[in-house]
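Scrolling down, you'll hit the structures one after another.
Next, two complexes with subunit A in common: one pairs it with subunit B, the other with subunit C.
Up next is the complex of A and B:
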């Protein structure tokens, strides 16, 4: 049996196991869920280490381009290579195309501080890393948000109300579309005005705003559901492929076996419940 | 900082800026002047209202049903003797929604500590786990119930989006929480989580600013905090003057934005008609 066929059987099993959740929580779903969570946690930990920490952090602290075996810094590196792994700290420095950037000692120290928090008395160390992440992101994104969500929005809302354009058009510029855009933006924004009760004129405008929001949510919902259906179709296409003779009718066999096992399990659980009652 | 200090520092900054401007404003990019004014105006307005609130000025905030329901949801869990499930989204602490989610978690943790209700917080990022743990620990301490707090209350599942959704769904099916709160940044897993919560009969409250996921939460949850409502949540829940002042300041910024939109539309119309030569759209384009 080739690896491809084994892979197909595993894929079919895991797909049906996840689908079995539609019936109710059952051993197949539990198996698939635990494999999925466990494997993905391990996979991402490994990915982060080999795509970020090793090349981008260690690779900038001990680059091969500046290797010097007589100095303290690379002496420490060689020591780390000896006591840990030569795959992480290969002889002669790390060659990932970076120069030496000792500023990366700061994220290195913050990372160590996060790790130290496993000890209950050193938990507070982790706050430094969290504070750095939140503060850095707030500062970095403030400019981008102000640019796209405020100034960009104002620019986009300053719509055209002149020139040669039709009164109504489904797509493109029209007086009607411009009006809808500006009324929708203003009323939508007023819905998020919190420091006054939504009564009177403000109440009416904010109600109009929530209608605009709900219409846009409805359109977005329909669009997303279409995307999900296409994913489901893709999965079914694979299951149909795996139901062919080349894969030893994997989908059919697996479906039959799982239905039988689930039926036995459901019957036994019912019996167990009745006995305990 | 008292008023005297505040205005003193503000005045000093203004004088320094005037000197810098007279000296020929080196390194200043005049093509980004709109951004400069926007930063000044937005931060200045918010700071002004924060100071007003701290000084004791009464600020009214209208009721948001979703936020009132948070306490009801925790109360329901207490009555039923079932846990509260809190999902702070799937992104890291560099996302403002995750930060807001962790802040709201702190308030929810205070309620669970007060009512002695179990809480379960599965997370998908290591830094979020640490931040959420710290937040919960502090809330339990403030409520005088550090004995009820344990580290496993906030636990890591996986970084993978759908594996995380599968794990949280499993928790929901097995623990059957009476209240499910989804507050943070969500993507395609939002409907998977909300539908499962719905199927177990839990009261569900969601809060997110992800426009593409709000429809799913609106459909499947009992209450949804849409965008800005979610960011205002911590101010509502804590009733801290500084935060309430911040919400009022943001409201004023919205009024300024509305005014600017109307003015920009008018200026564009005048430019398009050829009555003025100044193009507002060029001015609003950040180079």
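Up next is the complex of A and C:
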């Protein structure tokens, strides 16, 4: 049996196991849920290590271009290679195109400090690493947000009320669409103005803002439904593929087996409840 | 009349599992018996198509994969369609991934389109730079100095040894940017840290659920069009005249939407009838 067929059977089992939650919480769903969490954690840890920590951190601390087996620094490297793994610390230094940058010892230390949060007495060390990450992210995001979401969007809402355009058009520029955009933006923003009680004119405009927001939420809901159905279509397409003879009718067999097992499980659970009552 | 109202109210309380079964059936039936419903490209899809179609031959296009298996049915058809369009028009494709799973999606798409369909050469026609963790910091790195961010490609080859990387220093060396995105980090980060500050033209393909979040950038001209979910992919396939996975799923999508709309209408009728009756008594 080829790896592809085994993979198909596993994929079918996990798909039906997740779908089985629509009936109710059951052991198949629990199995799939636990496998998903475990595999995801392992996959992400491995991916991050081999794409960032090993090549970009260790690769900058012990690059092969500056390898010197008689010095302390590379002596430490060789020792690490001996006690851990030669795949992580290959003989002769790490060749990932970097030069030596000892400044990377700082993020290395911060990373280790974050891991110390598992020890109750050393938890405070983690704050340094977290503080750096939060500060860096806040600084990085501030500019992007101001430039694209504030300035860019204000420019985008500065609508045209002149020029050669029709009064009404379903799509594209028109006087009517410009009016809708400006009224929707202002009334929507006024709904979030809480420094005055929403009565009188402000109350009426903010109420109009609610309607615009409701239309927006409706569109979001519609898109959400569309997305979920697309994913269901994709999954069913695969299940139909796996129901073919090339995969030994994996979908059909798995469906029948799981329905029978779930029926027995449901029957036994009911019996158990009745006995305990 | 009373019996009809009773029936409607009773059906309004039907076990949700029956609804799941009905949805499963209506999604599956069109996959077995296609209806071939017409597909018409929307304005936003057409803008994406024209932006790529109007690129000068031999343009350098940065294509970023930000999705995984969970959103593959929606995004993969777009990525495949865009790759097909770019190779057909003779452009150079540089692939990056902000999601770890994106690298596997990119490998699959490049295998199918670049290698099996167009027989392109790795390193001269396309390159897979691969995944780097860091979210927006990676985008920022590509904007300032791509060679610091990527010293090796996804296969471990030194960037300096890849011919098509000659002369590529940062985002300004690319003619166009396309992101196939399913969330964070993705389209929004590319707009904020790459397209807006540098002015490099950009288009995107996103999951349906993201469309409302990304649409303001499209409306304001910060992004050139958007491929919105599976329908966006199907429309793009129609424009490049190569029906694919997106097109084949659209019948099921349309029928399922129709049934959901009917359920919503029926649910509301049932709710109002029940409320009316409770007021009466």
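The rule is simple: the second predicted complex is superposed on the first by the 277 of 277 C-alpha atoms of A that agree within 3 Å, B and C clash if a C-alpha of one lies under 4 Å from a C-alpha of the other, contacts with A are read in each partner's own complex, and residues count from 1 in each chain.
As a convention for this text, a residue touches a chain if its C-beta (ideal position, glycine included) is under 8 Å from a C-beta of that chain, and two chains touch if they have at least 3 such contacts.
All figures in this text were calculated on a predicted structure; none of them were measured in a lab.
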{"item": "Room on subunit A for both subunit B and subunit C (clash or fit)", "value": "fit"}
{"item": "First (subunit B), second (subunit C), both or neither touched by A:52", "value": "second"}
{"item": "Contacts of A:234 with subunit B and subunit C, given as first, second, both or neither", "value": "second"}
{"item": "Touching partner for A:171 - first (subunit B), second (subunit C), both, neither", "value": "second"}
{"item": "Angle at the Cα centre of subunit A, taken between the Cα centres of subunit B and subunit C once the superposition is applied, in steps of 10 degrees", "value": "110"}
{"item": "Which of subunit B and subunit C A:157 touches, first, second, both or neither", "value": "both"}
{"item": "Which of subunit B and subunit C A:220 touches, first, second, both or neither", "value": "both"}
{"item": "Touching partner for A:265 - first (subunit B), second (subunit C), both, neither", "value": "neither"}
{"item": "Which superposed partner A:196 touches (first subunit B, second subunit C, both, neither)", "value": "first"}
{"item": "First (subunit B), second (subunit C), both or neither touched by A:97", "value": "second"}
{"item": "Partner chain(s) touched by A:73 [first = subunit B, second = subunit C, both, neither]", "value": "neither"}
{"item": "Least C-alpha distance (whole Å) that remains between subunit C and subunit B when both complexes are overlaid", "value": "5"}
{"item": "Those residues of subunit A which subunit B touches in one complex and subunit C touches in the other", "value": "43-44, 48, 136, 140-141, 147, 153, 155, 157, 216, 220, 224"}
{"item": "Contact footprint of subunit A on subunit B as seen in their complex", "value": "34-35, 38-39, 42, 59-62, 64, 92-96, 99, 126-127, 130-131, 134, 156-160, 162-164, 166-167, 169-170, 173-174, 188, 191, 211-212, 214-216, 218-219, 226-229, 232, 247-248, 251, 254-255, 257-258, 260-262, 264-265, 267-269, 272-273, 280-281, 284-286"}
{"item": "In the complex, subunit C residues that touch subunit A", "value": "17, 20, 23-24, 27-28, 31-32, 43, 70-74, 100, 130-134, 136-137, 140, 151-152, 158-160, 188-189, 191-193, 196-197, 207-209, 211-212, 216-217, 219-222, 228-231, 245, 248-249, 252-253, 256-257, 260"}
{"item": "Residues of subunit A defined as touching subunit B within the complex", "value": "18, 21, 24-25, 29-30, 32-33, 36-41, 43-44, 48, 114, 117, 123, 126-127, 129-130, 133-134, 136-138, 140-143, 146-147, 150-151, 153-155, 157-163, 182, 185-186, 189-190, 192-198, 213-214, 216-218, 220-221, 224, 228"}
{"item": "Touching residues on subunit A, where the partner in the complex is subunit C", "value": "22-23, 43-44, 47-48, 51-52, 55-56, 59, 96-98, 136, 140-141, 144-145, 147-149, 152-153, 155-157, 171-172, 216, 219-220, 223-227, 229-237, 240"}
